[in-house]
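Next come the structures, one after another.
First chain A sits with chain B, and in the next complex the same chain sits with chain C.
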Partner chain A sequence: MKIGIPRALLYYYYSPFWKTFFEELGIEMVISPKTSKAILDKGIKESVPEICVPIKIFNGHVVTLLEKDVDYVLIPRMVSIKKGEFFCPKFMGLPDIVRHSIPNAEDKILYPQIKTNSDNLAKATDILQLAEPLGLSYSELKSALKKAGKEWARFNKICKKGYLIPEANKLMQEKLVKAAPRSGDITIGLLGYVYNVYDEFVSMNVYKRLQDLNVNLVTFEMIRNKDINKYLKKMPKRLFWTFSNKLMGAGHYLNNNPGIDGIIHLSAFVCGPDSMLGQVLESETQKTKKPFMTVRVDEHTGENHLITRIEAFADMIRNSKKKRRWA
Partner chain B sequence: MKSIFLGIDVGSVSMNIVAIDDNAEVIFDLYTRTNGQPLEVIKKGLFQLRDVLPSTYKVAGVGTTGSGRQLAGVMVGADIVKNEITAHAMATTFFIPNARTIFEIGGQDSKLIILENGIVTDFAMNTVCAAGTGSFLDHQSERLGVPIEEFGDLALTAKRNVRIAGRCTVFAESDMIAKQQYGFSKPEIINGLCEALVRNYINNLGRGKRLQPPYVFQGGVAANKGIKAAFEREINDKVIVPKYYNVMGAVGVALLAREYIKETGYQSNFRGHEAVELDFEPSAFECSGCSNYCEVIKVEVNNKTVAMWGDRCGKWTNSIGQVG
Partner chain C sequence: MKISFPYMGTTILYKKLLEILGHEVIMPPRPTRKTFDLGVKYSPEFACFPLKVITGTYIEALEKGAEVLVTSGGHGPCRAGFYHEVHERVLKNIGYDNEIIVFDALKDNFFKVLSSFFKIKANNSFAKVKEAIKTVYKMSYSLDKLEKEVTKRRAYEVTKGEFTTAWRKIKELYDNKVFTSEDVEKVELEAYELLNSIKIKEIPEQEKIRIGIVGEIYVVMEPSVNMEIEETLNSLGVEVERSQYLSEWIEFTLVPSRYSKSHEYEILKKADKWLEIGIGGHAKQSVGFIVDFYDRGFDGIIQLMPFGCLPELVAQSIIPKMSNELGIPVLSLSIDEQIGNANVQTRLEAFLDLVKSIKFEKQNKSNIISLQDIINRNRIANRTKEGIL
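So, the complex of A and B:
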């Protein structure tokens, strides 16, 4: 049996979990290739025009996997991983979006419901329902789930040591992981959903480009939950969306941290939750005078604008730190 | 031998060259339209420069900026390749050290730069849409049959106010046609257009930012007196248009090149006026190495590839080495 995993949306956050889970069960996984123009084009063809680009990309990955002759494509229905908070409605309805927009997908998707109270999906017991289509026993799935949860926790711990997700994935084989080295001369908080930041196609490689400019990066995955929650607790009302809240809490932490020289918010065009989040980040950073910039990504691939903006942002920070201007 | 430093700004509509001397005095400035042929106009511009400069001058440093900065950088052998925001801010603070707000409107993009004590503290650029930039005004001047150079003066003669929707150029155009049919005169329509452009600019780029004087207005569109007047009405304060308003990016990057060379003591990479006579052949091809089908730009000199970029994976870029 072959299970297809779309390399899109929360794949970037949960890949160590699903990898371990299916490896434990002895099921072959087919992960779709990195997002490309061809994948995006396929996604655009199967999506309603007004939807955000991350969903279009997701659809493109599903189509790509279906072409590869997999038995099933895994599309978890992400409902909640924290009490009182939810996912963007497009995540909750993702299996339905796919069923109704991609031809022949109906019988080929597995969509366990994720409704739990932790980022770690080990206790999302609906996953056990997969036993039947996978032709395995409950107990086999239970033990795989446990192992997957452990691996994910290890991955999460590595991120907290200051590593970006792709770096943390590479370090999973290591027994002992030291805190990430910091070699850049300025440090920028890069706030964005994992599927925007780590999809090299849609983000036009923004994190690598910043690293090439000798910038240290801090993302929400690196920040301790305690620090993220500190601010959220003080808010009169939280946002409804888990990952938006994480970015909000992370943004506040970064904004009040003197070691952070500036904050970049990477946001996809027409993202509803980000229209709230972006405004709050903007007004909060104005109060502290922390340099802040929004970078919007969409289907277009013009890199010039992106490069000009991030270069100018880094220049601005460097110039205010030292008197040299050609840095 | 006296040293000079060159700044070249290759934008979407114009190509500008500035030469400054050791004391940062501007001794040559040129604003030309690219007409879609940036390389040709750079060549012509450099020849023009050579013809007016006495032979006692030597190019000691050169910088490029603007959306075509990479290509121009390869062509002339730039010492420094800088983004437009840093370059513009550099030039403005050189002439007007206490400037706090820069309005810059070019051919296809507009920028707002906020400064504090001569240092950029915030900036904004127009996003995906080019509404309210020079290209739009060009298009309308053609449609109205009024040369763009006369646009501003004509706007100042408007007797009545007419409100034109400035949010989107497509809507602005249909709104203008409607207002013309209502019987508003050309000057009034043009004045309405200037106000719409400024309103759109302030709403888009200035949103949530505290704009403080002194205000400086630069970029090609700053030639337009109607827009300057509209800015002054909008912010209710004086707006300064600097002497070299239309070549500020080039001035800025020339100043940056000067600083860079002075601090590092490096020899300039400038290819020389003669090298510019070499035939630079830019071309583009679609790489079929993977499903990204990147549009790769290749620059050749005498059939030898000197630079490549545009590939996401770096396969082509790295086959040549560093660009610019």
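So, the complex of A and C:
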């Protein structure tokens, strides 16, 4: 049996989890190739025009997988991974979007509902309902879940040591992982959802480009939960979306951290949660005079404008740092 | 304390409630181009359109002298529940330090709702508050019943504009004459007399066209934001009914589910096949109402949503398949500050031509063009307009 996993949306955050889970069960996992123009175009064809680009990309990956003759495509219905918080409505309705807008998807998708209270999906018991379509027993799934949860926790720990997700994935084999080396001369906080930051097509490799400019990066996965929650607790009303809250907490933390020289907010066009988050981050960074830039991406963004902007941003930070040193 | 509130639907209801409780009400002006411009200027760029309009309304109301703003909250995952947080920041930025009283859902934040309640209650006795609520509750039902009647009969009026004038007069009647819950019935009779006195054309039943409007609550309920879509449709000779009415909203949102006799629970059940869980906003209701309107024999559906509305986009993704399977044409219109009247008018006219041709072809049973073809053609036309093909 072959299970297709779209390389889109929360794949980047949960890939070690699903990988271990299906390896344990002895099921072949087919991950769609990296996002390309062809995949995006397939997605655009099956999506409503107004929807944000990450969803279009996701649809493209699902179409690509269906063409590959997989038995099922896994599309977890992300409802909540924290009490009182949800995902963006589009995530909650994602399986419904897919099964009603992509032809032939109706009987080919598995959509366990994820409703739990931790980032670690090991306790999302609805995943056990996959037992029937996969033709396996509950106990097999249970032990696989446990193992997957452990692996994911290890992965998460590596991230917290200061590694970006692709780096952390490479380090999974090693037993002891040291804190990430910091060789750049400036440090920038890169705030954005995993599916925008790590999708090399839509973000046009922004994190690698920044690293090439000799910049140290801090993303929300690297910041300890304690630090994120410290700032969230002070807010009168939190946002409703878990990952937006993480970005919010991380943003506040970075904003008040003198070691951070600037913040870049990477967001997709018409992203609803970001329209609220961005406004708060912008007004907060104005108070502390921390350099802040919003980069908005969609299917039409050109590469050159992005390069120019991040280069200018890094240069500006370097200059002001130099001036401060001489002053 | 001078109170104001966002402008949505039959605003005299909120006004009445606050007035009975002895507050001085600053009536927010009906949203106009100026309101939109103000809202767009001060709101976050990618915030949804209702947030922008309400920002504009708040600013205009504060300029008119309002001291306190009252609004409803929410618990997500739709953005609307976070409006007041953003509004507070926006208003503070432009120098207004006024208080915004928020009513969240009781089960989310009991004590905050209680404190909000006591702020509004002021020095009134509980009996008086109860009476005020009862009056407004009854009034909302009565007004919505009349409005449904207006949007139905207006399609066949002999002299253009008579029903619109009458509807305005009716709202004034309620505003001036209702003070207790007993008054409602008397005024309702008067209002019906007014409506019955208007001459209407006799149209045979099989020639009547009925359109249902579904979508996000603010743009569905507020005519000044959706460019009077109901009136426009009526003037083109079709009957209209909406998915959202204030009385339904009160029944579903504010009355505890045990006592509520809301129609909306049924609607949600009808949506189960298409959208398995509630995803916030009114997406599930929109989907359910499409099925409901279809079951009740409506001829076409119009979905209204603010540009980029999160839940409605999910509904919009499902709609093409629904439209195909049920065989009912659906037009999706997304609304923001850049939409123009002529655009909407043209699309509505084209849509109605299609609806009519489907209906009459069905009746004549001349299967020259199949229903499926027409719907497909509609979808292609729509998509061409949206710029896909």
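The working rule: the second predicted complex is superposed on the first by the 321 of 327 C-alpha atoms of A that agree within 3 Å, B and C clash if a C-alpha of one lies under 4 Å from a C-alpha of the other, contacts with A are read in each partner's own complex, and residues count from 1 in each chain.
In this text, contacts are C-beta pairs under 8 Å (C-beta built on N, C-alpha and C of every residue); 3 or more make two chains touch, one makes a residue touch a chain.
Computed from a predicted structure; not experimentally measured.
Clash-free side-by-side placement of chain B and chain C is the outcome of superposition onto chain A.
With both structures placed on the common chain, the touch criterion links A:Ser101 to chain C but leaves chain B unconnected. In the superposition on chain A, A:Asn245 contacts neither chain B nor chain C. In the superposition on chain A, contact of A:Phe201 is made with chain B only, not with chain C. Of the two partner chains placed by superposition, only chain C is touched by A:Ser47; chain B is not.
In the superposition on chain A, A:Val270 makes contact with chain C only, while chain B stays out of contact range. By the touch criterion defined above, A:Val280 reaches chain C but does not reach chain B. Touch criterion not met for A:Ser15: it reaches neither chain B nor chain C. Closest C-alpha contact of chain B with chain C, superposed model: 7 Å. Shared contact residues of chain A with chain B and chain C: 269, 283. Note for the complex: chain A touches chain C at residues 44-45, 47-51, 77, 79, 85-90, 92-93, 95-97, 100-101, 113, 236-237, 239-241, 269-276, 278-280, 283. Chain C meets chain A in the complex at residues 44-48, 75-79, 81-82, 85-86, 89, 93, 274-277, 279-281, 283, 307-311, 313-314, 316-318, 320-322, 332, 334, 383, 386-388. Across the complex, chain A is touched by residues 67, 80, 82-86, 90, 109, 119-123, 125, 127-128, 208, 256-257, 259-260, 263, 290-293, 312 of chain B. Across the interface of their complex, chain B is touched by residues 33, 36-39, 200-201, 205, 269, 282-283, 286, 289, 291-293, 296, 298, 300, 304-305, 307-309, 311-312, 315-316, 319-320, 324-326 of chain A.
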